[in-house]
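Everything below concerns the one structure shown next.
The letters A, B and C name the chains in turn, as written, and every chain counts its residues from 1.
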Amino acid sequence: MMNWNLYSRGDKFFAMVVSVLIGMFTVATLYPFIYIAAVSFSSGFAAQAGKVVLTPIDATLEAYGYIITDPKFWISYRNTFIYTIGGTIMSLIFIVPCAYALSRPQLKGRRFFNLFIAFTMWFNAGLIPFFLNMRDLGLLDSMFGIILGFAVNAFNIILLRNFFESIPQSFEEAARMDGANDFQVLWKVFIPLSKPAIATITLFLIVARWNGFFWAMVLLQSEDKIPLQVFLRHTISNLSDDDEFAIVQTAAGFSAETVTAAIIVCSIIPVLIVYPFVQKYFEKGILLGGVKE
Amino acid sequence: MVDENTNAGGQPLEEALIKAREAQRRVTDGRWVRLFDHFKREWQIYAMLLPTIIWFVVFLYKPMYGLQIAFKDYSIFRGVADSPWIGWEHFQTLFANDQFIRAVRNTITISFYNLLFGFPAPIILALMFNEVMHATYKRTAQTIVYLPHFISSVIIAGIVITAFSPTAGIINTFIGWLGFDPVYFLTQPQWFRPIFVGTGIWQEAGFGSIVFLAAIAGVNPSLYESAVVDGANRWQMMWKITIPSILPTILIMLIIRIGNVMEVSFELVILLYQPSTYETADVVNTWIYRQGLQSGQYDLAAAAGLFNAVVAFVLVMTANTLSRRFSRTSLW
Amino acid sequence: MSGVNLSGIVKAYGALQVVHGIDLTVAEKEFVVLVGPSGCGKSTTLRMIAGLEEITDGDLTIHDRRVNRVAPKDRDVAMVFQNYALYPHLNVADNMAFGLRIRKMPKAEIKTTIADVAEILGLTPYLDRRPADLSGGQRQRVAMGRAIVRHPKVFLFDEPLSNLDAKLRTQMRAEIKRLHNRLGVTSVYVTHDQVEAMTLADRIVVMNDGRIEQVGTPMELFNNPANTFVAGFLGSPPMNQMKGMLTETGAKIGDAEIKINGAVAGHAGRDVIVGIRPEHVTLSDEGQSSALPISLDLVEPLGSEALLHARHGEDTLVFKADTNGDIAHLSGVGAVHVPSHLVKLFDAETGRALNLGT
């Protein structure tokens, strides 16, 4: 980057204008989160009347009190952790060795296998056949079904394969001459050398699991198996037309809006905690998957 | 003493020797022996590959076999294989169905708006980030604008529903301040697309800028230095150097977007639409979801899915072919 | 017993053959250097010995055991790679221990082995460092250390010095030689640098186009190159090669004629290539030599000597001359002398050395 002192006056003005615009976009990005947080801490009456703009009005923890006393909230929270951790581990168990194998030039049929996997990115059977297949496999309403059925995707395999291919061949050769077999080459050389790439993929996997909603909604019926996102969805769509709730809330200090907002806050907080630590990885990671055969 | 015989040139005698050895090798190290040898030596990589291949067969290729119900009168009790064939009947039904046609049209329209407004947004953002001089300011802003990408559709929808609520929502609070009546945004068809596309920009523009920022970072710095020597200002440099330099990236990303026209994020649609906005909001996948998973018309919905998949496949393949022309490598 | 024996080794990628049947025996404890231009098949040959490339045809034995289909790890060879291939996530000690751990050597034994080898290579102070924190020369030593700790039957070197700067290269070259003298392990060394080949090798194998051009000690190859390729490859600057025609007493080059020892008589009229080493050209008439008129192009002073570029008719001639502290006297040179017993002759068509008998 060039030195600020070398900028002409016009350039400085231009840079300032751009900085202000960036600032506005940043604030616009951030504002909905602040707004939701403010709503979650406001009284139900204030929220319903649309009085909340930036800070909580008639600050109260009633909405949080309502959700943390709901056992379904905690069950779904626990389930999300199970899906996220179990699913991510399951995915890595499939993806890492597969990507390694596909990156080996000595693999016979390498082109075919690459195509076999990549083809699923271009063509998929769609919702219905996938659903019927899960049903035929007996994986409806099954936590294991959710973990296994979405363990692998072609994009992550290709991303990691590309990274493995970029590792100089001599690392593998040196390890081989040292007596390492493929499992040892992968475990002792390739995985340590690929930490950034694997971290990126792990991040993608965790985010996808944490946020996973549609198939959990479709495949899971039991309330004790649903993840947080589905619980949140149920809450959002049910609260407002639930008469019983309407009676409860007039007595208490919360409303459908504040409860929804409180669940959103609870669901975002883990993401916000992890986010700064992983940020350095995904910028590089997203480019790894980029453009390459 | 060195004489002419020391040299091993390509004499006919030697060629013959090589041929003789080759013939001998065929006997001793035959093709099958070598193949057996190969698997004996390299079995581990095949063992590593196998679980994933099985996974793909079971979870992604078997459903492709199941796609045949698009041409069958599918009955749950008979199963995929034993249901009777009925040919193209489902497709005839589909194209006679106004709701399906509407869903196809909505998909394309929403994609078009996404392209028109959603595609330039990350490019503009990246170009702007490139002009911000204060490192910490830039870093912080980037951290914040990438964040929404990691937020689930359910939460996004929750925020949108809360913010656009006619009574409680902040948007209508603002509108009230301006002296207007509250607008029922989420129940009125004309508002669905702006809200949907706007939400998409809010969520993805920041994250999408990473690719373009990387492309900008790859521009040879001496180009800017020579431009400074030539007396160019930052605005001119942006137009004359930065944009032309990242044009290949822009083109490739554009092609990818066009290839994904059929892929409207239907998860968010499901979360945001309601019967009163189906008119503008219902896309192919949401229609399939309602017909198939909610109403149980699996075969008809599978036919719609097949139609969608084939169109998407053709688009993606065309996009890939096109991108080959713009870059030496293909997208995959 | 031979260290490494290659007989009729062929490498082909599909229909494309890159090594066309190599026969070579490396004696035990011998240091053999494969040298040649890039793409000549020397690295491929080395990698076939290592087991990193499949051998298409022929027999490879190490210590008289046929190893064609033996996995690299079971061949008891160690290799030093061009880019060293040091694991960046491991420190020096762990890098060297990597192979020993995989081979399940007892921990105590690993420790003493590493300590010994580190001592030999002067790496003891750096055992805890990561490769990224080492200099080029130190990395090079670690790469060798990793090979040495295993006490292999054969060392393979794949252009190990090409990533170093010129000064360090000279230094490491000497170190490799000393190490070989000390350890006495059979070594096969690949390089494209003829100086490395000359200085390190017990025997040099000059390769070109997937074939061996000549095998011999450095001085044999230097004094009696088997063909114009070897003549042009070894020596710096390389041997001058000029078109000529034999006469009854010597060879005619352009208008001039130079005398040549040996029985050229009877071959008069034969087209030849006359090879003259730059070092053999003198400015004054010494013994049995003949004068070659030249026009001087360029004088490059190198210090004690100078490199002179000259023309003789259509041929160019590069030769060395002593400066005696001054190059002024060289600018007027109009003719040079070529000692008749040092002139080499090659067949004009095949490029092979002509031995017309002495």
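The criterion applied here is as follows: a contact is a pair of C-beta atoms (placed from the backbone, for glycine too) under 8 Å apart; a residue touches a chain by one contact, two chains touch by 3 or more.
Predicted, not measured: the structure shown is a model, and the values here were computed from it.
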Pair of chains with maximal C-beta contact number: A-B
Chain closest to the middle, measuring from C-alpha centroids that were averaged per chain: B
Where subunit A and subunit C are represented by their mean Cα positions, the distance between them in whole Å: 57
Centre-of-Cα separation between subunit C and subunit B, whole angstrom: 54
Inter-centroid spacing, subunit B versus subunit A (mean Cα positions, whole Å): 16
For subunit A, residues that touch 2 or more chains besides their own: none
Touching two or more other chains - residues of subunit C: 71
Subunit B to subunit A touching residues, read off their complex: 38, 42, 44-46, 48-49, 51-53, 55-56, 58-64, 66-67, 69, 79-80, 125, 128-129, 131-134, 137-138, 140-141, 143-148, 150-155, 157-159, 161-163, 165, 167-170, 172-173, 176, 202, 205-207, 210-211, 214, 224-225, 228, 233-235, 252, 267, 270-271, 285, 288-289, 292-293, 298, 301-302, 305-306, 308-309, 312-313, 316-317, 323, 327, 329-332
Contact set on subunit A toward subunit B in their complex: 1-2, 4, 6-8, 10-11, 14-15, 18-19, 21-23, 25-26, 28-30, 32-33, 35-36, 39, 47-53, 93-95, 97-98, 100-102, 104, 106-108, 113, 116-118, 120-133, 136-137, 149, 151-152, 157-158, 181-183, 186, 207, 210-214, 218, 229-230, 232-233, 236, 255, 257, 260-261, 263-264, 267-268, 271, 275-276, 279, 282-283, 286-287, 290-293
Subunit A - residues contacting subunit C, complex: 168, 170-171, 173-180, 184, 188-189, 192-193, 195
Complex interface listing, subunit C residues touching subunit A: 50-52, 71-73, 77-79, 81-83, 85, 87-90, 98-99, 102-103, 146, 150
